[in-house]
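Paired with subunit B in one complex and with subunit C in the other, subunit A is shared by the two complexes that follow.
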Partner chain A sequence: MPEELIETIKKEFRNLILDGTVSNNETYLTVKKDAAVRICDYLHHTLDFPLISIFATDDRAKDGCFKIHYVFSCKGDVFIIIKIKVEETTPRFATLTHKIPAANWYEREIQDMFGLAPVGHPDPRRLIHFEDWAAGLYPLRKDFDIRTKPDRVKGEYTYRKVEGEGVYEIPVGPVHAGVIEPGHFRFSVAGEPILNLEIRHFYTHKGVEKLFESVSLDKAVFLAERISGDNSAAHAVAFCQAVEKIAGIDIPPRAKYIRTILLELERMYNHMGDIAGIATDVAYPFGAAHANYLKERVMQLNEKVTGSRFLRGMNAIGGVRRDIGDKKDMILKELDLMQKDFKELMELLFNSPSVADRIETTGRITGEIAKGLHVVGPAGRASGIDSDVRRDHPYAAYSELTFKVPVLKTGDVNARTRVRADEVYESMALIRQALSDLPHGEIRTELKTIHDGCALGYSEAPRGETLYWVNISNNRIERCKVRDPSFCNWLSIEYAVLDNIVPDFPIINKSLSLSYSGNDM
Partner chain B sequence: MTVDDEMEIMGQRLNRKIRALFGRSLSIREVDAGSCNACEVEVNALANPVYDMERFGIHIVASPRHADMLLVTGPVTRNMELALLKTANATPEPKLVVAMGSCACNGGIFGETYASGGGVDRFMPVDVYIPGCPPRPQAVIFGLMVAVDKLEQKIKKSEVKV
Partner chain C sequence: MFDILIKTLRTGRVTSKYPIRQDIAPEGFRGKPELLPDKCTFCGECARVCPPGVIWLTKEKGEEKLTLSFCGCIFCGMCEEVCPGGAIRLSQEYELASKTKDDLLTIIRRSV
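Let's look at the complex of A and B:
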C-alpha cells in the first residue's frame, strides 16, 4: 500500500519531487518550493488525506536553509511529509490556507516563530506574539537565545469589525469569571444572537518548543506532561513513542498494555469532567454534581494506581516506571461500580427535557467545516469525521484490543456529549480487556544510545489526535514540534457559535473541551 | 485516621478561622497566569461533592473586586503579566496573594524564558506558597489555612499602627 501510494504521487509530479526517503511508516518527499501548494492540494482534495500539521525547522547550520514540513495522515497507517526548502535570503513561502483552511494557524505560527512569511495568507496578523513584541525577533530560530527578555514596544492589535444598526461588542477575558484558563473572546452581537466571534489566544505561551531544545531527553518527558495538564498521559506517550521510534526500541508488551490502561483512565476522567461541565452550563446541577463525583473517583483511582491524580511520572522513554499488575482487582471493582453509576446518570441526563432543550441543535459544526479545519477527537466524530488515531495509526496495545469508534452526524452539543458518553463505556471495556490480557515480563527497555534522526509520535488524547515530531541530533533534541488537538479545534468555535445566543456560548465552549495551554504552549 | 478525616478536620478548623475573621466566607479570585491547567482542575475539584469547599466557607468569586484573596497559578507568562497586574490592582486591600503550584512558586519546569516570567513573587509580594505539581486538594486547603493566619497577623499589625 505505501509503495503504491508513493508511486502514484511520484508519477503525478515526476519533475517536482527532488528527493524521497522512507523511515518506518513515514515517507518524506522533498519537493520544489513552488510546487508545495499543488502537491498538498492534490493529497488533500484528490486523495482525501487530512493535513495534520505544518511546521518549520531551522537547518541553517547544516545546509543554509529553513525547511517547512506538511504532514498528511494517510490510509493504511502511513504518513506523508512534504518538505520544502526556504532560503534565508527569501524568507517567504506560498500560503496553502486558501486551498486547505486547516493551514491557517500553522502558517501564522511559522511567521511568528521563524520569520518566514506566508505569501497571500488571508489573515497575516500575528498569532502567538502580542503587539508589544518587537519586530524581527523569532524565538525558534537557532540564533535566538531562550533567555532573551525583549523590551515591550508600542503596538496595536486590530480585531475584525462588524458594523450595523444595534450591533455591539462584548469583550470577554483573558481573566474569566469561572476557574478556567485565560483567553480572549470578542463577540459582535445584535440583541442575543451572535453575529461574529473572534478568539484571541496565546496568553499562556510559555516557549515550550524552544524549551525542549535545552532539556535532556528524560526531563523532556516531564515537560511533555505539562503541556496540557489534563492530557498528561497522552502527551507523554506521544513524545516517548517518537523517541522510541528514532532509537528503534520496541517497548515490552506489558508496558504497552499499561500505557493503554493509563490512556483510557485519562479519557474517562476527562470525558466525565466535560459532561459535568455541560450539565453545569445547562443548569442541571444534580447531573453536574454526580458527574464531578465520578470524575473525582477516577482521579482517586489514578492516584491509588500510579501515585498521581494526573497519571504523571508513569511514562518514560522505553516503557513505564511502575507496574500496576497488583492493582488489577481494585481497578476492576471500581470500574464495575462506576459503570453502574455512569449508566444511571446518562439515562437521567439524556431523558431530561430541560437538558435536551439546551443541547439539541446548539453549536452546530457541519461536517464540511469540521473537515476543512481538520477538527479532531470527539468534536470531529460528532460532526461525522470517522477518525481515531487508536484505530487508524495503532500504537500501544490498541491493535490487539477491540473497541468501537462512535461517530455521529449532527455536530451539535448533543452529539458531542453522546460521543463522549459512548467513549466512556469503550474506555471501561478497553481497560477490562487490557487487564485480563496483561502480558508478563519487563515494563521498561533501557535506552542506551540514540542515533540522530527524526520521527512522529502520536496518540489519541481525550481531546483528539496529539502529534509530536522529534528530531534528535547528538543526543539532544534539535527540534520538537508539538501539535495539541486544541490547536486544530479552536477555530471551529468561531463557526459553532454563529446564530446561537450569547448564553449558549459557555455550553458550546465546554462541549468542544478546548485546552488553552495545549494550544498556546 | 484516613485522608478524608484529615480533610474534614482541616476544613472545619479553617471554617472556624474564616468565621472569626470575616464573619462570612473567604472570597477567592483564581487567576491562571499561564498554568498547564492541572492546577485549575484541582481548584475545580475542591468544588466537587467529595471536598465541597463551600461548606468550609471558601467561595470562588467572579470578580477581583469581591475578593479577599488572589489564588495565582502558572509561571506568569509575558502575555499574562499585564492581565495579572490589572487583576491584582482591582483587588481591595488588605489582600492575600497565594501562589499555587510549582510554576507559581518559582517558575517550575518552565523557569524563565523569553515567554515565561518565573514565579509570581517576581511581580508582586506573595503571602503563601503552595508547592506541588499540581498540589493535591488537601494541600490547597492547608495552604488556605496558613494564608488566613497570615491575614490575621496583617490586620493586627495595621491596627497597631492606627
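Let's look at the complex of A and C:
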C-alpha cells in the first residue's frame, strides 16, 4: 500500500519531485519550491489526507537553505512529508492557506519564528510575536542566541473590525477570573448573538522548541512532559517514541503496555474534569461535584500507581521507569467502582432537561469546518471526523488491544460531552485488557548510541493528536517541533460561537477543552 | 430530582479533614528528596542528571558541599535513580511551603 501510494504521487508529479527518501513509516519527498502548493492540494483534496503539521528547519549550516515540511497523515499508517527548500536570499514561500485552511497558523508561526514569509496569506499579521518585538529577530533561526533579551519597540496590533448599527465589541481577557492562562477574546455582538469572535493568544511564549535544542536527550523528556501539564504522559510518550524511532529501539512489550495504561488513565481524568467543567458552566453543580470527585479519584489512583498525580516521571527513552504490575488488583478494583459511579452520573446528566437545554445545538462546528481546520481529538470526533491516532497509527500496545472510536455527527457541546463520556468507558476497558494481558519481562531498553536522523513521534492525547518531529545530530537535538492538539483546535472556537449567545461562550470553550500552554510553548 | 438526592446521600462526604488531620501520601510518592549524608560520596552524578539543574556540587576552603534546592525541583527522581550509594531518596513529604528561600535548601558537607 505505501509503495503504491508513493508511485501514484510520483507518476502524477514526475518532474516536480526532486528526491524521495523513506524511513520507517515516513516518506520524505523533496519537491520544487513552486510545486508545493499543487502537490499538497492534491494530497489533501484528491487523496483526502489531512495536513497535520507544517514546520520549518534552519539547515543553513548544512546546505545553505531553510526547509519547510508539510506533514500529511495517510491511510495504512503512513506519513508523507513534502519538503521544500527556501533560500536565505529569497525568504518567501507560497501560502497554502487558501487551499487548506488548516495551514493558517503554521505559516504565520513560521513567519514569526524563522522570518520566512508566506506570500499571499489572507492574514499575514504576526501570530506569536507581539507588536513590541523588534522586526528582523527570528528566535528559531540557529544564529539567534537563546539568551538574547531584545529591547521593546513601539507597535500596534489591529483587530478585525465588524461594523454596523448596534454592533458592539466585548473584549474579554487576557487576564481572566480564575486560575487559567492568558488569552484575549474579542466578541462583536448585535444584541445577544455573537457576530464575530477574534481570539488572540501567545501571551506567554516560553521558547520551548528553542530550549529543546540546548538540553540533553534524557532531560528533554521532562521538558516534553511539562509542555501541557494535564497531557504530560501523551507528550512524554510522543517525544520518547520519536527518539526511539531514530535510535531503532524496540521497547520491551511490558513497557508498551504500561505506557498504554498511563495514557488511558490520563484520558480518564481529563475527560472527567472536562465533563465537570461543562456541568459547572451549565449550572448543574451536582454533576460538577460528582464528576470532579471522580476525576480526583483517578488522580489519587495515578498517585498510588506512579507517585505523581499527573503521571509524570514515568516515561523514559527506551521504556518506562517504574513497574506498575504489583498495583494491578488495586487498579482493577478502583476501576469497577468508578465505572459504576460514572455510569450513574452520566445517566443523570444526560437525562436532565436543564442540561440538555444548554448543551444541545450549542456551539456547533460543522464537519466541513472541522475538516478544513483539521480539528482533532474528541472535538473533531464530535463533528464527524473519524480519526484517532491510536487506531490509525498504532503505537504502544494499541495494535494488540480492541477498542471503539466513538464518532458523532452533530458537532455541538452535547456531542463533545457524549464523545468524552463514551471514551471514558473505552479507556476503562483498555486498561482492563492491558492489565490482564500485561507481558512479563523488562520495562526499559537502554539507549546506548544514537545516530543522526529524524522521525515523527505521535500519540492521541486526551485533547487529540499530539505530534513531535525530532531531528538528532551528533547526539543532540537539532530541532524539535511540537504540535499540540490545541494548536489545531483553537481556531475552531471562532466558528463554534457564531450565532450563539454570549452566556454560552464558557460552555463552548470548556467543551473544546483548549490548552493555552500547549498552544503557546 | 429524587435520583440526585439518593446519589448525594449515598456518596456522603468525600473530602478529608486535612490539614487538621494529616494526609499521608502513598508509598512511592514523588515527594521532597532527602539527602543521607553518611551514604553520599560527593560524586556529583545527581547534579549532572538533574533536569532543572537545582543540585550543585561545590568545593570551597577544603570543604565539599552538595546543595539541593526545592525551589525548582520537579520531583522526577532522576537523582534517586542514578545515585550509586542510595544517598538520595524521594520521601513522602509534600508540605514544602516556606517564608524564606533558605528553608528550601538542603545542604550536606564534608571536609577534604
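Everything below uses one rule, namely that the second predicted complex is superposed on the first by the 521 of 521 C-alpha atoms of A that agree within 3 Å, B and C clash if a C-alpha of one lies under 4 Å from a C-alpha of the other, contacts with A are read in each partner's own complex, and residues count from 1 in each chain.
By definition in this document, a contact is a pair of C-beta atoms (placed from the backbone, for glycine too) under 8 Å apart; a residue touches a chain by one contact, two chains touch by 3 or more.
Because the structure is a prediction, the values reported are computed rather than measured.
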| item | value |
| --- | --- |
| Touched partner set for A:Ser473, first subunit B, second subunit C, both or neither | neither |
| Touched partner set for A:Asp218, first subunit B, second subunit C, both or neither | second |
| Subunit B versus subunit C as contact partner of A:Thr445, first or second or both or neither | neither |
| Residue contacts on subunit A - larger count, subunit B or subunit C | B |
| Touched partner set for A:Thr366, first subunit B, second subunit C, both or neither | neither |
| Touched partner set for A:Arg312, first subunit B, second subunit C, both or neither | both |
| Touched partner set for A:Asn24, first subunit B, second subunit C, both or neither | neither |
| Which of subunit B and subunit C A:Tyr293 touches, first, second, both or neither | both |
| Which superposed partner A:Arg321 touches (first subunit B, second subunit C, both, neither) | second |
| Subunit C-contacting residues of subunit A that also contact subunit B | 219, 222-223, 226, 293, 296, 312 |
| Subunit A-touching residues of subunit C, taken from the complex the two chains share | 3-4, 7-8, 11, 14, 25-26, 28-30, 49, 51-52, 74-78, 81, 90 |
| Subunit C contact footprint on subunit A (complex, rising order) | 215, 218-219, 222-223, 226, 286, 290, 293, 296, 303-304, 306-308, 312-313, 321-322, 344-345, 348 |
| Residue ranges of subunit A touching subunit B (in the complex, touch as defined) | 130, 139, 144, 146-150, 174-175, 177-182, 202-208, 210-211, 219, 222-223, 226-230, 232, 273, 289, 292-293, 295-296, 299, 309-310, 312, 515-518 |
| Interfacial residue positions of subunit B with respect to subunit A in the complex | 30-45, 47-50, 60, 62-64, 74-75, 77-80, 83, 87, 108-116, 133-134, 136 |
